[in-house]
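Take a look at the structures below.
You will see two complexes here that share chain A, one where it goes with chain B and one where it goes with chain C.
And now, the complex of A and B:
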């Protein structure tokens, strides 16, 4: 019967959603294992989820290598291209690192490991769906799966007031943003209806309908709503206000995850919706032309605001997690610079290489950010108490491994050559320069100098000051050590030999544009 | 020996790795790290001597080139090469490194492992700066050299080390990041014009020279500015010099030696190599401004040096003055001036390096650097005083010592330069800089070395020990040698300097004039030629 169904509707292709399927099934299994297994075996669910994530990674690599001719399925709901697959790999990497880093914390705080791991897997599934969505409805679906799991994760330490506050804030403001997004989708659905055809939410189809729209103002309102919704999810100014509180209150491994994973997922669908739903128009003075110009212009302004606010406010933070939260806002700003370049590019090849630049940037950010937060988790100790800059006083030479590793991550976040952060910045800035955004790049570069101040501050505190009170270096468990080794190797590999990764991300530039 | 340059970059890195691995072996002693560092830096120096052999051909083109693909997707290559200009700067680097390490022997007692690893990492980055022929690779080394120095100042520095380290870092990175924007912009301009995506300096110069790529005057103006800004901060050219006195004063002795001796030369080297090579028209356009700033720097540096109560700060400000001469020589666009500028870079490295070492030695004994605390050191410390006097005279530019040759050639070049009108005013003003140098140096010597002893503590100071004499002697020998036989150096750099000059005078002419490269001769002939 199943085969008959598939024959009747040949657009069903389960192999195309293999990574998502693996992760979501694994999430259910992990939950079951947790319910029926004896206590004291916390590592079981962790190992299971890592295996599932690796399997999902292999599945997406297989999709990449096999490169099936069919580039879309489920009536255009799911697409398959380099944009999706490279983001899927980023999510897999982020989630594996989160599991590794979180192990010490779950162990120390006696928290339910199974719930944590299954929620993480569901969140990963949501992120993957956001990257693979060819339709606004799937974007929303993925976003909600991701968000609901993340709301719970943020409040995972339910006895801690700050964690509760973080979760509640994230939930209320997040729902608000989701509503914006949904409203935008609805408006666009209405605005793309023509006299003969009903409206559409298919991203590729929207692009074709823009100039036939009967109600252009409705369309513009929809675009604005979408920008607000996505802007909230990737924490760009002026929709960033929730970030510091939520990041500070959430358990550190969850913060690490939120800054790297969901942000990248937000970028994945933000870019797909706007680059392929509202692409550059052949005629500038048309509805599609106005829509394109206005979103590119809005994003350029948002990029400037985001970078500047993130970096300037980070300077005055005394809490390391809060500082890294503002730093993550700033990094979203740098990534937006590349996004703007991709939006402005008229040549599809240039657009794809700008897209690759942003993807690569988010990969480098994920790696160095996870590393930095891994060390912050260790230093914070149980209860997440020791997060002030003063807690880092003079620890560099007491625990050289942690001190120098954290310095490497901070220098990479700053964008010093030899590290991943440098190559990421080079890619994004050159994409923007190619499109002639010299002013934007100069602002970004000056922002980098501003950011030197607070990244260096932590290094200064660790190495250039002496410790006055006693400090016992934390024990580094094997799982965290593995995460640190992976991220340090990643930072230098991406910083010195990024060629292969960039080529792979850019290998088959034909982003699917199948209109159905 | 085809991989000589890669070996030179890698040797210090291998040294750093060896030091690190050694520290994990059972029975490792902290006092052994310095031996490993000294061994590897000496080895680097010996290996770098092989470069002279290869440079004896006296041709302008790059030699010992190594060119491998690096990041294919953006066309960046691992391209190394050395010519008559970079040859001497590499040698200066490899010479000053073992000396600096030896000077830290007893001065650095805390965290020796980290210290010597950072020194070796720094050496590797600095060598890389002088021999990279790919703009992205150059930027990589240029910026990477910042990090070890930041740590050196911040961990082992003086009282205001944090302030100095942060100021040093932020100042220099503002400049270099804007240069990065310039590098990428140039990359795209080149790609638009020729369809080739490359950061390769040699290719860029070739396409510029052949006329396949013409940069619009406006773009060239901004590109020149972006590059020059980075280099002028590094030099440092007045009024971008304010990071220097702080960094030099707060850095540990070896850090000051490297800062003054090598890091500052990255700036002038960058101007000579990249600004002249890539943007010759803008260079001509900017010459009057650069010359004016250089002359202001010469006089300003000297005047401020005169009133410093701290010996180290005095030497630091004298660097501003001396580096002003280098910029003046470069922008005179004459062979004498540019040769003199290169010579002055080497001279300044040697004599200011020696001065910082000497100041470090007295600081180790007395824990003060205030001029007023000293006086009458000649009696208890004859060796020290002799060395101090010679190094100071070399810095002043006394004939028969190295400082004279460079400054004389620069003045010569400035006098004959046609790039600015009323060139005699410039030369006269710069000439007063030499007089001021004599004033502040001799006055300082008189108060510190001679004069009456002001404190009982000075009478009991011990003279230099064998290690300290040993590390100063090579520099002193070099001061005399460079003062008496400058042609040893100048004859090997002439062809490359001449090529750089020709880039400016005729931006779109073909390769180097062969007839000129064949010319050899002593300094006197060269001067008479004009």
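And now, the complex of A and C:
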């Protein structure tokens, strides 16, 4: 059964890790170019990293098109399926938008551009590895590559106390969470041993061994530890307290990146580990059955807590970045609803469609979130000081471009029809309804109503409140304008014609690396 | 008496708990950082214990990866701590309260 993964000959396939390889090599090249280039030519690194990211995107599209005869490589360490490729594409989009949004900020603050871009590329490589991991080792490795780069990015404005603090908090709590995740992996490694075979960390092999486990209690402890570790990374409710502080203190383009990229990466490996490592069991009263029921139940409760806390606390925030941080917690809750549905689905086709719904949701969230943060970056200006809601008083009519585009993103985050946010919510909620989670969907919809308050409040502040002090609209540089155009087009494209993307994410029936 | 697998597991669980509690109650950043290292090393002990019990080398390979990652994390962590110390002259986390909770 799992002998395929223990084949003696190493099956190396470098074409299967092409996107990861391109991005990490580009990270090194960018660092070198930065070291040897003269001052004033620093924009080169931005261009280079965008080229590398586009190349990685093309590589992943190529992997998509080339009929995947080979579903796994490196002895099951790396897998190739639609889940991985769609997340890879999300990460590429997020990183390109981050480079575009960050360019002005780097210029304005006179920060070292090359370091920023190479760290961003390394973080992207880590995210891609997390999505493509077929083994818990690679999940951990990808998570750490991502996290270590992101700790530095959060503290990138190193003379600013807020940025220091954000980076410190992220570092302490992030490595705390990694330790939990790692302990979970160790316990599962021990618990998957059978009479004749040693333990394993291969996700597909774990699924086959649950019922033969010699030490089921270790298995349950391991599952709990994994939930804690991943829960921290994607900022779900009992483990979300670090999020607002870190998101507020980090430089705004980095916040945009953190809310969209690493969160999606956390979901990618969270879903892969739990849906394929601890799948629905044929016999409910068995070790695998109990493990499955307990994680689905725990995630359903976490989804409710996450949505409710995120939305309710967002109402009282007066800082726009903090408000968007709580909104990002709430959105993780909506995505968890779809995850729970995917976990509860007994039919593989339904599971795949729920999985597609969550992936699509994270794509829409990434697009609208990057757009909103792009505008927040422009309005905050140098020093990242103007982030209070009062700073947005009446800017809608002074700078209609910024006002209207921010309104579009906020309405999309709220989930108004015709926008991407609406489509994403519909897909996730209908997936949950199909699995009979009516109560969960009711709570989610009520939460959406609550969220209307704080999204609409910002729009009202922008358009219907008097501006008391003088305010000059910020110049919109070409790169940010490009990012805004891309995100607005994305919001409407995903909202009006989502079919093509959904089909691509879902296409072939085998999103499974389940053991046959 | 020959040490059993469960002894090692119990020891590493105790070490992990001490580390986790330490992160939560310590107020000095360096101490918190050392507690996190303690947690990682407790996990390493678990891996090595299982690995030698199963006579399987992959657990020990995992330990090498963890050690490498912990070293990278230490480098970045100390860098962050130095930059916060330069701006603030204090390593007490209670002073790090510009961003309210």
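Simple rule for what comes next: the second predicted complex is superposed on the first by the 502 of 516 C-alpha atoms of A that agree within 3 Å, B and C clash if a C-alpha of one lies under 4 Å from a C-alpha of the other, contacts with A are read in each partner's own complex, and residues count from 1 in each chain.
Simple rule for what comes next: a residue touches a chain if its C-beta (ideal position, glycine included) is under 8 Å from a C-beta of that chain, and two chains touch if they have at least 3 such contacts.
Bear in mind that the values here come from a model prediction, so they are computed numbers and not experimental data.
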Which of chain B and chain C A:61 touches, first, second, both or neither: neither
Chain B versus chain C as contact partner of A:456, first or second or both or neither: first
Touched partner set for A:448, first chain B, second chain C, both or neither: first
Which of chain B and chain C A:186 touches, first, second, both or neither: second
Contacts of A:176 with chain B and chain C, given as first, second, both or neither: second
Touching partner for A:434 - first (chain B), second (chain C), both, neither: first
Partner chain in contact with A:499 - chain B first, chain C second, else both or neither: first
Broader residue contact with chain A after superposition on the shared chain, chain B or chain C: C
Touching partner for A:18 - first (chain B), second (chain C), both, neither: neither
Parts of chain C lying in touch with chain A, wherever the complex brings them together: 9, 16, 19-20, 23, 29, 32-33, 36, 39-40, 42-43, 46-47, 50, 54-56, 58-59, 62, 65-66, 69, 72-73, 76-77, 79-81, 83-84, 87-88, 93, 96, 98-101
Interfacial residue positions of chain A with respect to chain C in the complex: 137, 140-141, 144, 148, 151-152, 155, 158-162, 164-169, 171-172, 175-176, 179, 182-183, 185-187, 189-190, 193, 198-201, 241, 244-245, 248-249
Chain B - residues contacting chain A, complex: 70-74, 111, 114, 136, 139-141, 143-144, 146-147, 150-151, 154-155, 161-162, 165-166, 169-170, 173-174, 177-178, 180-181, 184-185, 187-188
Of chain A, residues touching chain B in the complex: 397, 400, 411, 416-418, 422, 426-427, 429-430, 433-434, 438, 441-442, 445-446, 448-449, 452-453, 456, 460, 463-464, 497-499, 502-503, 506
